[in-house]
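Okay, so subunit A shows up in both of these, paired with subunit B first and subunit C after.
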Partner chain A sequence: MAEATATFDVRRQGSACVVDIHGDVTAGSEEVLMRAYADAGDARAIVLNFTGMSYMNSGGIGLLVTLLVRANRRSQRLLAFGLSDHYRQIFELTRLDEAVGIHESEAAALADVSGATVTRHG
Partner chain B sequence: MTTLTGSLRRRFLGRPTVAARAQAAVRRPELAEDPAPINIAPNDPLLAYLQSARGPVDVQALQLDSPALAALKAADVKLAVPLVSQGELIGVLNLGPRRSEQEYSTDDRKLLDNLAAQAAPALRVGQLVRQQEAEARTRERFEQELEVARLIQQNFLPKQLPELTGWHMAAYYRPAREVGGDFYDVIPLPDDQVAFVIGDVTDKGVPAALVMAATRSALRAFAPRLIEPGAVLERANEHLCPDMPEKMFVTCFYGVLEPATGRFRFANAGHDVPYVKTADGAVELRARGMPLGLMAGMSYEQREMVLAHGDSVLLHSDGVVEAHDPQRRMFGFPRLKEAVATYPGGADVIDLVLTDLLAHTGPGVEQEDDITMVTIQRAPGSTSRLLLDFELPSVEGNERAALDRVGAAVATLLPEARLDRLKTAVGEATMNAMEHGNSYRADVPVCVRVLTEPEAVHVQISDRGRPPSGGPTETPDLEAKLAGLQRPRGWGLFLIKNMVDESREFTEGDLHTLELSMRLGAADDEHPGGTHDD
Partner chain C sequence: MADIDDATERSTTNWAKKVDRLTLGSAPAGAVNLNVEGRRLTGPLQGFGTMWQKTYRVRLPRDVVEPRALIATWKERFPEFWPGGNRFYAPLTGIAPGEVALLNLALPGRLTLSTGVMVLYADEESFTLMTPQGHMFAGWITFSAVPAGDDGVMAQVQVLMRASDPIFELGLMLGGHAQEDRFWQETLTRLAAAHGLASASVQTTVICVDRKRQWSKWRNVWHSSAIRSSIYTLGAPVRLIRSRLSRSPGN
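For the complex of A and B:
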């Protein structure tokens, strides 16, 4: 098993859970990411904060797909903010941007969750 | 040593059901007349034994309750070489004692095995065609023989040329209607060396094709062991001489290339002198030597030259220079030499010479002889500069170091967004090399090289794995993954392909390399593979 190179800290924000990501997201991050997801419990939405992410490889993208599958099963929405232009491009290329709501900021993402002003980018 | 004799050929070519009525003939060199053939009954256990034998059979040592075996032993046959094609025993090559009275060596047996493996399909074709001949008119028979010769000949020509980094090779072969005996071959040798052969058998049709096959087999047998062109031709000549049909011989040029250095050693058994296009004009590759199969005891002069970047060798057969125009004037050596000096090298010179030949002979004229041309061109000197060269142990996570080091080295060459794309591709390619190429064996490193040219930057990532099978790879599809129809992972190759301007794979020795290229001077917003959905 590859060593985890990222941390995923979970914060409750109303009906959503924000996951603050730090470090390198690779296949080795699976266990810690899924633990974070379990911590999020029955939140209506999971909001991924990529602001502190330094690197993500194809294994990391595979993890996001796994997360999406699980969230879909539990009818939870997956949102994201803080993506750099490069990773936003990768989200477009892989069409993850069609399945994950991409936002400029945490406030915009949470507003989307609560049904307030919805700002979609990408 | 007795090999396929006229007697044997007559007996086996005409019998399509040899498995049931196999016959063998033994011919001792000192005997003036053909010995009586040995009949093998359909139920003789020797047939089943030979059918399943692997390689030459020691007749004298074999113990079977077989009348045919007893007859062979009585005829002093030492070795019986089964000729098996598509699982069917189609003949047996019986050999008496060696002239030298020594035992057959391991090399002899290997050579016979090789010869049998190559001769059997050719004989099979011959058998089938001869069967049809009995019912066909003379003209049809003639045409079919030609077809056989074509089949045999084309069967023994390389199906494809090897790919050598830094070299371009091209070959052209067009038989005349009455097939001649042209052939060429490319033989991989130890230490990444490659042998190039071009030859021409006198005579035409099936006899020429069979001698061509025998010559090719001999060269292929001796080349990997003897390597040196002079020695290979000398040994092949000794091998071919005893059994060469009357008035037949083989001209043959044999060269050994060291791709890394351009060193080219060669010897020539009376073949048309090849030309090399160099910066100083056309150079002749001259070396003295008699054609193969004419006279035993010949030695062959060996010479060498170093092919510089841009040099191009043209090997050719006499069908080129001896092509006549309507006034019966030959195309000639001077004109071909001039063409080599003037025209670009590689495949281009073949196309241009063919155009010249057509203009020379006139349109619609039947080709007089086989035409064969092979070019070996060293790529022009590279203008690339090595910027970075390092190795990483194949340990999970080390791709991060690769992309960071490459990124730092080319940071000033690429705009930020393109730099990020290259780094992502380098990370993915390094992971693939460590995981799939080197199986994450820490002691097998991944090599990373960064080269710059005026127009582009190239990152080469090499592993010691086998190149990919080339089969179709699954294109990742998010919807399929979300529906559980594809696994969540499997984005690596997709990312690599879409992140860089160009990627290509090549293999040198046991080193498999993926080269990622980014053009320099491209705008930051240039998007190699992705799409913008605004």
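For the complex of A and C:
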């Protein structure tokens, strides 16, 4: 089957986990992406960093849907930043933007996560 | 630098441009265009029913066809591989990103369901179709071919979908899923036969991605292509009389 052509590095940032994506995201990335998601554990939010992503095909978009379903099941939010104008349009075309919070920067995404925390506990 | 340029070029050429609503222009002769023009696209997140990932695979010998050649043939002769009674009105420019195709599908009771798809993505190894509002399901269908072992090619159809509305969900539960399975199994059988494999065996894998139904999406039923196609079929005699009256002398 297709080989993984992307890496997903997980780092903790407060109550969120940031996943740094590098390379080409395709259907072949499923195993490594889901392993990264497992590493994120019980984080309140998963923040996908697309800054280092070079390419994504339709299989990659399908993987994001699967990831979103898993995150929703565990009451985790899915956010993204670092998308180029082109991939931002792909998110709009596929209507992923209706379920994934898109931000300009990591700081903005993390502020959204902490804002949500304040709202929930406030 | 060259790698970045290459990735940018692939991104631009392989994906459809963003559209808010579908436009078709003129429908091909004989095609019914009821549920495509002006519709929004819908992915698995916009559907109503349980989310499924269905994968259908057939293995072909690599000495007969290479993956890229297989995808080229599949794109070029896509309508030929569809099961009988169903029509895929391919875009004039073929399977290319952003192109819209009309579908007229055979339903029980001699009904023809009129719907369509947009080519969301296409490269040399795969292509993906996305459904509009009112289609039986909201989602994507990806057609691909990859090397399998040293001497094989795996042709694959993968559907990521939710039934669009409660009526289609019920229909899928009452035999629609089995009918859909047969549809794609036959498609792959025909594709294999076109490459000289008379009795290909199709593997089917079905995964429930999300058991939950999205009840907030029940209103999708307003766009139902089944309801609108049925009303169109029932109105055929009225349209015939109107057309004859307008052609009669003195009009």
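Simple rule for what comes next: the second predicted complex is superposed on the first by the 115 of 122 C-alpha atoms of A that agree within 3 Å, B and C clash if a C-alpha of one lies under 4 Å from a C-alpha of the other, contacts with A are read in each partner's own complex, and residues count from 1 in each chain.
Quick note on the criterion: a residue touches a chain if its C-beta (ideal position, glycine included) is under 8 Å from a C-beta of that chain, and two chains touch if they have at least 3 such contacts.
In this text, all values refer to a predicted model and were calculated from it rather than measured experimentally.
> What is the contact status of A:I90 with respect to subunit B (first) and subunit C (second): first, second, both, or neither?
both
> I'd like to know which partner A:V10 touches here: subunit B for first, subunit C for second, both or neither.
neither
> Which holds for A:A111: it touches subunit B only (first), subunit C only (second), both, or neither?
Neither partner.
> Classify the contacts of A:Y55 with the two partner chains as first (subunit B alone), second (subunit C alone), both, or neither.
both
> Which subunit A residues come up in both lists, the one for subunit B and the one for subunit C?
In the superposed arrangement, which is not itself an observed complex, subunit A uses residues 2, 24, 27, 55, 57-59, 61-62, 65-66, 68-69, 72, 84, 86, 89-90, 92-96, 98-99 for both subunit B and subunit C.
> Over in the complex, which subunit B residues touch subunit A? Could you list them?
Those in contact with subunit A are residues 396-397, 399-400, 417, 420-421, 424, 427-428, 431, 476, 478-479, 481-482, 484, 487-492, 494-495, 498, 527, 529-533.
> Considering the complex alone, what residue numbers of subunit A touch subunit B?
Per the touch definition, subunit A meets subunit B at residues 2-3, 5, 24, 26-28, 55, 57-59, 61-63, 65-66, 68-69, 72, 84-86, 89-90, 92-99, 122.
> Please output the residues of subunit C touching subunit A within their complex, sorted ascending.
Residues 3-4, 7-8, 10-12, 14-19, 41-46, 51, 53, 120-121, 123, 126, 128, 130, 140, 142, 144, 146, 154, 158, 160, 209-210.
> Under the touch definition given earlier, write down the residues of subunit A that touch subunit C in their complex.
Of all residues in subunit A, those touching subunit C are 1-2, 24, 27, 54-59, 61-62, 65-66, 68-69, 72-73, 84, 86-87, 89-90, 92-96, 98-99.
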